[in-house]
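First chain A sits with chain B, and in the next complex the same chain sits with chain C.
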Partner chain A sequence: MAFQILLNVVLAFLWMFIKVSYDPISFVKGYIFGLLVIFVLRRYFHSRFYLFRLWSFIKLIFIFIKELILSNVAIVKIVLKPTLDMRPAIFAMDTELTKDWQITLLSSLITLTPGTLVIDVSEDNKTLFIHAMNIGEVEAEINSIKNSFEKAILEVSR
Partner chain B sequence: MLSIWKRGLLSNVSVIIDFFIGFFILVGSLFCLIATIGVIRLPDVYTRNHAASKAATLGVMSILLGTFLYFYALEGHFNSRLILGIVFLFMTSPISGHLINRAAYNSGVKLWDKSVRDDLKEYNKKVLEKSSVD
Partner chain C sequence: MRKTNNIILETAVKVLLFFIALYSVYIFTAGHYYPGGGFIGGLMTAGAIVLLLITYDIKTVTKILPVNYRILTAIGLLFAIGTSAGSLIYDLPFLTHAFGDVHLPLLGELSIHTATLFDLGVYFVVVGVTMTIIQTIGEDE
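Presenting the complex of A and B:
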């Protein structure tokens, strides 16, 4: 992905040199033409066309903000309830993610989601131990995390 | 943009912006207050950490956003440090919550009595047995 962006910037500079005009407008024009060229030649790169990846990253950020607001509403509900009847627990969740940055991202996403907080990551980076504020069904919790975040992170790194 | 607002041509926009500034700052301080109540009320380290690391994050973030909007709309001053502050807070506060929890667990702070299950304990026991066999 970094290679494609660098290539695009080089193409934009090439456009500026061809036009002999060195202002930001012609850089932007060259960047757009370069984007077109890279899109046409996308089958020669190893990774996907990088705008797709950028798009899935933006989607991930929106998921993050949505979950942050939902988690705060959940916390407010628990704190302001007259009786403390939640059922805290620590449960294990197996993850398919392998790279370090993916696991870091996943655990900070989990920490900011409704009522879950990562306590530990196992030695072999395969299991996350999560403290849940109010546990219902462990399976349901794990599935919801897997479907939303793990899929989004895999989408970004594909 | 500022002069147009002052002339009152776009006074509706200005009212909407004012509303958002007030909304963000009020909601942010409310979240901070609730986080504080949560820290006092909840029973053990882990549940308190839930309140402190989430509600306080969103609270401070929306206060910063309200401040940013205020200076941008009324003074015409784009303060990029506030945006950076929001991003840094967003990145660091879940990590600090995780570290406090992990340190508490590893130094043997007990869970609340009504806690349901504890998978990490079993895992730690297994790891300990394996290392004693080796």
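Presenting the complex of A and C:
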């Protein structure tokens, strides 16, 4: 992905040198034409065409915003309840993610959505230990959320 | 005691360090027209190195930045004294600063002031002194 972006910038500079006009407008034009060339020749690269990955990243951001709003509403419901009948618990979750930045991103997303909190990562980076505020009713639901985050992150790094 | 897995901290520092370093450079260069300057820039650079020290251990950080901070302090003092004494060559009083517009081929018009070099000396001294203090405390067993 980084290589494709670098190539695109180099192509934009090449366009500027060919046209002998060194202003931002011609850079943008060269970038767009370079994008077109890279899109046509996208099967040469090992990774996907980088706009697709950018799109999956934007999708991940939207998933995160949605989850943030929903889970905050759930927390407000719990706080305003007259009876405190939640059941906190710590459970382990196996993750398929391998790279450092993927695990960090997943942990940050889990921690930023209220109700769950990453406490520790195991030595071999395969298991996350998560503290949940209300385990009884939501463990299946939490796992579905994790799957959505994990799937989205895998989608970004494919 | 089991060594904890610091993967989240390390990855976050990997990204954040460059932001902090660049911001400290900005603070250093902004000193003439905006709030900032050599002292606060140096402290912020030292803060970035301290963040590294928190994340890794002293051996690793000396491998990343093989800098002798005592020599850095001396270099900073030399900068400050040198720019102050430079005015003596032109028969002006000590600490008189010169400034002017310099035309460079790539960057265009730059207004350059010798107080910047003095500030660079301050910057080096602050980084050197702060890191010397922290390292000597940290290496005490």
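The rule is simple: the second predicted complex is superposed on the first by the 150 of 158 C-alpha atoms of A that agree within 3 Å, B and C clash if a C-alpha of one lies under 4 Å from a C-alpha of the other, contacts with A are read in each partner's own complex, and residues count from 1 in each chain.
Everything below uses one rule, namely that a residue touches a chain if its C-beta (ideal position, glycine included) is under 8 Å from a C-beta of that chain, and two chains touch if they have at least 3 such contacts.
Nothing here was measured: the structure is a model prediction, and the numbers come from that model.
Enquirer: Overlaying on chain A: chain B and chain C, fit or clash?
Expert: Verdict on chain A: chain B and chain C fit.
Enquirer: Tell me the contact category for A:Ala89 with respect to chain B and chain C: first, second, both or neither.
Expert: first
Enquirer: With the two complexes superposed on chain A, say which partner A:Phe17 touches: chain B (first), chain C (second), both, or neither.
Expert: In the superposition, A:Phe17 contacts neither chain B nor chain C.
Enquirer: With both complexes superposed on chain A, which partner does A:Ile103 reach: first (chain B), second (chain C), both or neither?
Expert: It touches chain C, and chain B stays clear.
Enquirer: Of the partners chain B and chain C, which touch A:Val76 in the superposed model: first, second, both, neither?
Expert: first
Enquirer: Here's one for you: vertex at chain A, rays to chain B and chain C, all C-alpha centres; what's the angle to the nearest 10 degrees?
Expert: For this superposition the angle at chain A equals 70 degrees.
Enquirer: So, does A:Asp120 touch the first partner chain B, the second partner chain C, both, or neither?
Expert: both
Enquirer: Look at the residues of chain A and decide whether chain B or chain C touches more of them.
Expert: B
Enquirer: Using only CA atoms and the superposition described at the top, report the least gap between chain B and chain C in Å.
Expert: Nearest C-alpha pair, chain B versus chain C: 8 Å apart.
Enquirer: Using the superposition described at the top, list the residues of chain A that contact chain B and also contact chain C.
Expert: 107-108, 118, 120, 122-123.
Enquirer: Using the touch rule from the top, collect the residues of chain C that touch chain A in their complex.
Expert: Spelled out, the residues of chain C in touch with chain A are 4-5, 7-8, 10-12.
Enquirer: For chain B, which residues are in contact with chain A within the complex?
Expert: Within the complex, chain B touches chain A at residues 31, 34-35, 37-38, 41-44, 46-47, 49-51, 53-55, 57-58, 91, 94-95, 97-98, 101-102, 105, 111-112, 114-121, 123, 127.
Enquirer: Can you list the residues on chain A that touch chain B in the complex?
Expert: Touch residues, chain A against chain B: 68-69, 71-72, 75-76, 78-80, 84, 86-92, 107-108, 111-112, 115, 117-120, 122-123, 127, 129, 131, 133, 135.
Enquirer: If you look only at chain A, which of its residues touch chain C in the complex?
Expert: 100-101, 103-104, 107-108, 118, 120-123, 125
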